[in-house]
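Following are the structures in question.
Below are two complexes that have chain A in common, paired first with chain B and then with chain C.
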Partner chain A sequence: MIAWFSDPTHWTGSDGVFALVIQHLIYSGVALFFACLIGLPIGLYVGHTGRGVVLIAGLANALRSLPSLGLIVLLVILFGPVFASDMAFIVPSIIVLVLLAVPPIMSGTYAGVAAVDPAAVDAARGMGKRPLDILFDVELPCALPLIFSGLRSATLQIISTATIAAYVSLGGLGRLIIDGRAQNDYYQMAAGAVLVGALALLVDLAIGILSRLTVSPGLTRRL
Partner chain B sequence: MITFDTVSKHYRGQTVAVDKLSLTAPTGKLTIFVGPSGCGKTTSLRMVNRLIAPSSGRILLDGEPTDTMDVAVLRRKIGYVIQNAGLFPHRTVVQNIATTARLNGTPKDQALRIAHDLLERVGLSSAFANRYPWQLSGGQQQRVGVARALASDPKFMLMDEPFSAVDPVVRGQLQDEFLRLQRDIGKTIIMVTHDIDEALKLGDQVVVLRTGGTLAQVATPQELLARPADDFVADFIGRDRGYRVLGFAEFAKGGVPLGAEPTATLGATPETLRQIATDRWVLVTDPLNRPLGWADVDSLKGPLRDGDLNLSGTLAVEGSSLRHVLDAVLSSPSGRGVIVGQSGELMGTVTLSHVAEAIEAARTGRLGTQP
Partner chain C sequence: MAFSILKAAGAFALMALSATTTLAQTDPLGAAPAARTDKTTIIVGSADFPESQLLATIYAKALAAKGIKTDTKLNIGSREVYMPALLDGSIDLLPEYAGATLSYLDKNATAHSPEDVAKALKAALPAGVSMLTPSQAQDSDGVAVTRATAEKYKLKTIADLAPVASQLVLGGPPEWKTRKEGIIGLKELYGLEFKSFKSLDVGGPLTLSALVNDQVQAANLFSTDPAIADNKLVILEDVKNLFPAQNIVPVIAKAKVSDVVTKTLDAVSAALTTDDLIVMNGRLANHDSFDVVADEWLAKHKLN
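== the complex of A and B ==
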């Protein structure tokens, strides 16, 4: 495997490691963006109002048990006639990743808002803060630690699952694994797996640093 | 002035939390709502800033009905202090305090300046300014909570069991400090408590509510003790009300004759003590003449040390109530209650018979002024 990594032709070019990593990050980034767009507002709404707790808990559990490989094939078949070109594969891949990432983001956000000290919220209301100010000045900042933890597990899931995009003939690090399997090149498969793992760890580290910078020391109790 | 005009609150048409409450909390005074749990005292308080909407009736602030005001604007006029302080955990102490000033449109710099000033007013050093709530004790958090309510300089304040989440010693300190603060700021305050002692100690006016949310009595603490309206009020004030009345009878200068008390200092030999002693007990003071405790002459073996002192006696500060003076007498091993001046220096001692005379005089005086 070291030999595989030390071969410069494996790194550059349109199917080199660099290009695949970039593709992988783009799929993951787009999926994470849409998952946040869906999961954060729902989590905030449910946490703030206390309405729909049972609904989102059930939804989250149902989404978690979705078989991603089966779903992506189904969606490709469904969307095939609708989209031209690569979009017929990209849209289904992104949808699968978004569906995977929404539950942890949604539950983390909901749990974070629900766990905010009720006395602080009562004080905020009693002193005359309006509902949206309470949400953005008190509930959201206090919920950040749990929101970030949801975001981290969502990101890990997305990055590891984004390999299946290659299954429907797209790029990303999954290429190395799928192609390696087809060519019986186990070194290439192993290299792909190691790269996915390393990428997941790096991105996790980056989110960890981001959370350290944005979460108040009043919550982390770290000075 | 906060006026309740036949205010009621029912839930789902069945349970009545507050029933046709009419009363006035006078301007600049501290009005206390007290009663057993389920008497609707917190509900009544929360209807003032419309955290709970009244089912019927009106509440007026200085004659202005609250039901037509914008709810956020209404709340910003009223300081709000709650049991567990409810500080924002992600904000520092000064940021917390500055919140209410910012909400009322004070520029940021000025709000922070106000916050720093208030920190000192509520008895916290500026070292606390940039700490976070988790670094503070319960009592300190409560002080910050009070400061935060004051930062917008509201005319009115609502306080929901503000001192009940801290231990009794801290509670006493917070109450004393708050009384001093209120003497300066003179806000129109409604405070809720379940603790009748707190109500009698702090209130200018006490509102006793009974289960079901009806008014039992509105009176000053003295009136409440002297003339409870009915069995419920009498029962709620408790058994010790005769003793509690003494808390309002001031121990006037010269009201009780002070006896001169011979004193010794640490290091005195048993012989010296026996010479100055009038009985078994000699009062020991420090070099500044502040009482330290009583020494038992009979059991003393060598020169007087710290460990020989009996510390059971309480000290009554000159000008404090007869309740404190009586307590000083009853708790003193010699039977002579120690009276000290404002800076803690010994003024003299009093005996039980003298205190009894003063109590009797206060009682006849009080009965004499009754209509």
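== the complex of A and C ==
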């Protein structure tokens, strides 16, 4: 496998590791963006108002049980007649990843907001803050650690599952795994798996650093 | 149309999921395989597309009807995966396609006619593996286009693609990237360089959907696929014989050959026709199970 990694032709070109990592990050980034767009507001709303807890708990669990590989093939067939271009493969892949990432983000946000010390919320209300100000000035910052933990598990899942985009002809590191299997090239497969793992760890580390920088020191007892 | 693809896709998605768990039983990175303890059972393997799985089922049931203990490991993967499994004894018997097997074993093979391919294959098979009598039934690889594409560029043969290939996207299974009966042969023999190549599935619902919906303009499909007629697709004629004769032939571990086995499988091969394959593939696409289709075919030919 070291030989596979040290062959320069495996790194460059349209099928090279660099191009595949970039594609992988693009699919993951786009999916994470949409997942946040959906998951964060719902989580904040439910956490703040306490309404619909049962609904999102059920929804989150139901979404988690969707089989990604089956869903992606189904969506490609359904979207095939809609788009003539590569979008017929890209849109289904992103949808599958978004569905995978929404539950942890949503649950993390909800749990974070719901777990904010009621005394802090009461104090803010006593100072005359409006409900939205309470949400964004008090509840959101206090909930950040749990929101980040949801975000991290969502990101890990997206990065590891984005490999299935290659199953429907797209790029990304899954290319190495799917092609390696079809061509009985286990070194290529193993290299793909190692790269996905390494990428997931790196991105997780980056979010960890981001969370350290943004979470109020008062919450982390690091003062 | 979209609905029929959808139905196939449902079954396919299930198969794809199980595929990941039925890889060749070897240690992937090269250690010796664990020895099998059961020496009498014949394990029938198959590739990861319905026709191969059906043929494996037919072999297994025909042998079982003669009192031979059989087991099946269907949906293993591509030839690059299941051939090593046959060689290391994880499986004993495979329904194979003569021409494709030959060029897998001998990259420089030039045989085209069924007789030449059978002869060359016999010589090329590794020690410990032998082939039985090939069937007249064939399922050849082909390059398919939609009728609209064929009319637009006046395509009849694969060679006609030469002036327009650079504008077209080719679709096929991932192994086509490195196979002679794939991108390599299309380039060397026909001088075709497509705009790009999309890795799809092995002539399955993804490939069909991409071709019909114009995400790819040319794709690898199999001549026994009933979807070709259903969707008004055109298989381009292989005038330079890139894809050799693909008669269906049982390939078996020598240790498991016996008179009964040979006689039984020869009878299956003798009864099987290309039209049978087209009809049975159509039924599989409509969700009839391998067992039912195999049983009915065997009953019809009194092989059960």
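Following the convention adopted for this analysis, the second predicted complex is superposed on the first by the 222 of 223 C-alpha atoms of A that agree within 3 Å, B and C clash if a C-alpha of one lies under 4 Å from a C-alpha of the other, contacts with A are read in each partner's own complex, and residues count from 1 in each chain.
To be clear about the criterion, a contact is a pair of C-beta atoms (placed from the backbone, for glycine too) under 8 Å apart; a residue touches a chain by one contact, two chains touch by 3 or more.
Worth saying up front: this structure is predicted, and the values here are computed from it rather than measured.
Of the two partners chain B and chain C, more residues of chain A are touched by C.
Of the two partner chains placed by superposition, A:208 touches none, neither chain B nor chain C. By the touch criterion defined above, A:183 lies against chain C but remains apart from chain B after alignment on the C-alpha atoms of chain A. When both complexes are overlaid on chain A, the residue A:41 reaches neither chain B nor chain C. By the touch criterion defined above, A:197 lies against neither chain B nor chain C after alignment on the C-alpha atoms of chain A. Of the two partner chains, chain B is the only one touched by A:218; chain C is not.
By the touch criterion defined above, A:76 lies against chain C but remains apart from chain B after alignment on the C-alpha atoms of chain A.
Note for the complex: chain A touches chain C at residues 1, 67, 69-70, 73-74, 76-78, 80-81, 83-86, 88-89, 166-169, 175, 178-179, 181-187, 189-190.
By the touch criterion given at the top, residues 49, 51, 71-76, 80, 82-92, 99-100, 103, 132-134, 145, 148-149, 158 of chain B touch chain A in their complex.
By the touch criterion given at the top, residues 117, 119-130, 137-138, 141-142, 215-219, 221 of chain A touch chain B in their complex. Put simply, chain C touches chain A in their complex at residues 2, 5-6, 9-10, 12-14, 16-17, 23, 28-29, 77-78, 80-81, 84, 171, 173-175, 177-178, 198-200, 205-206, 209-210, 212-215.
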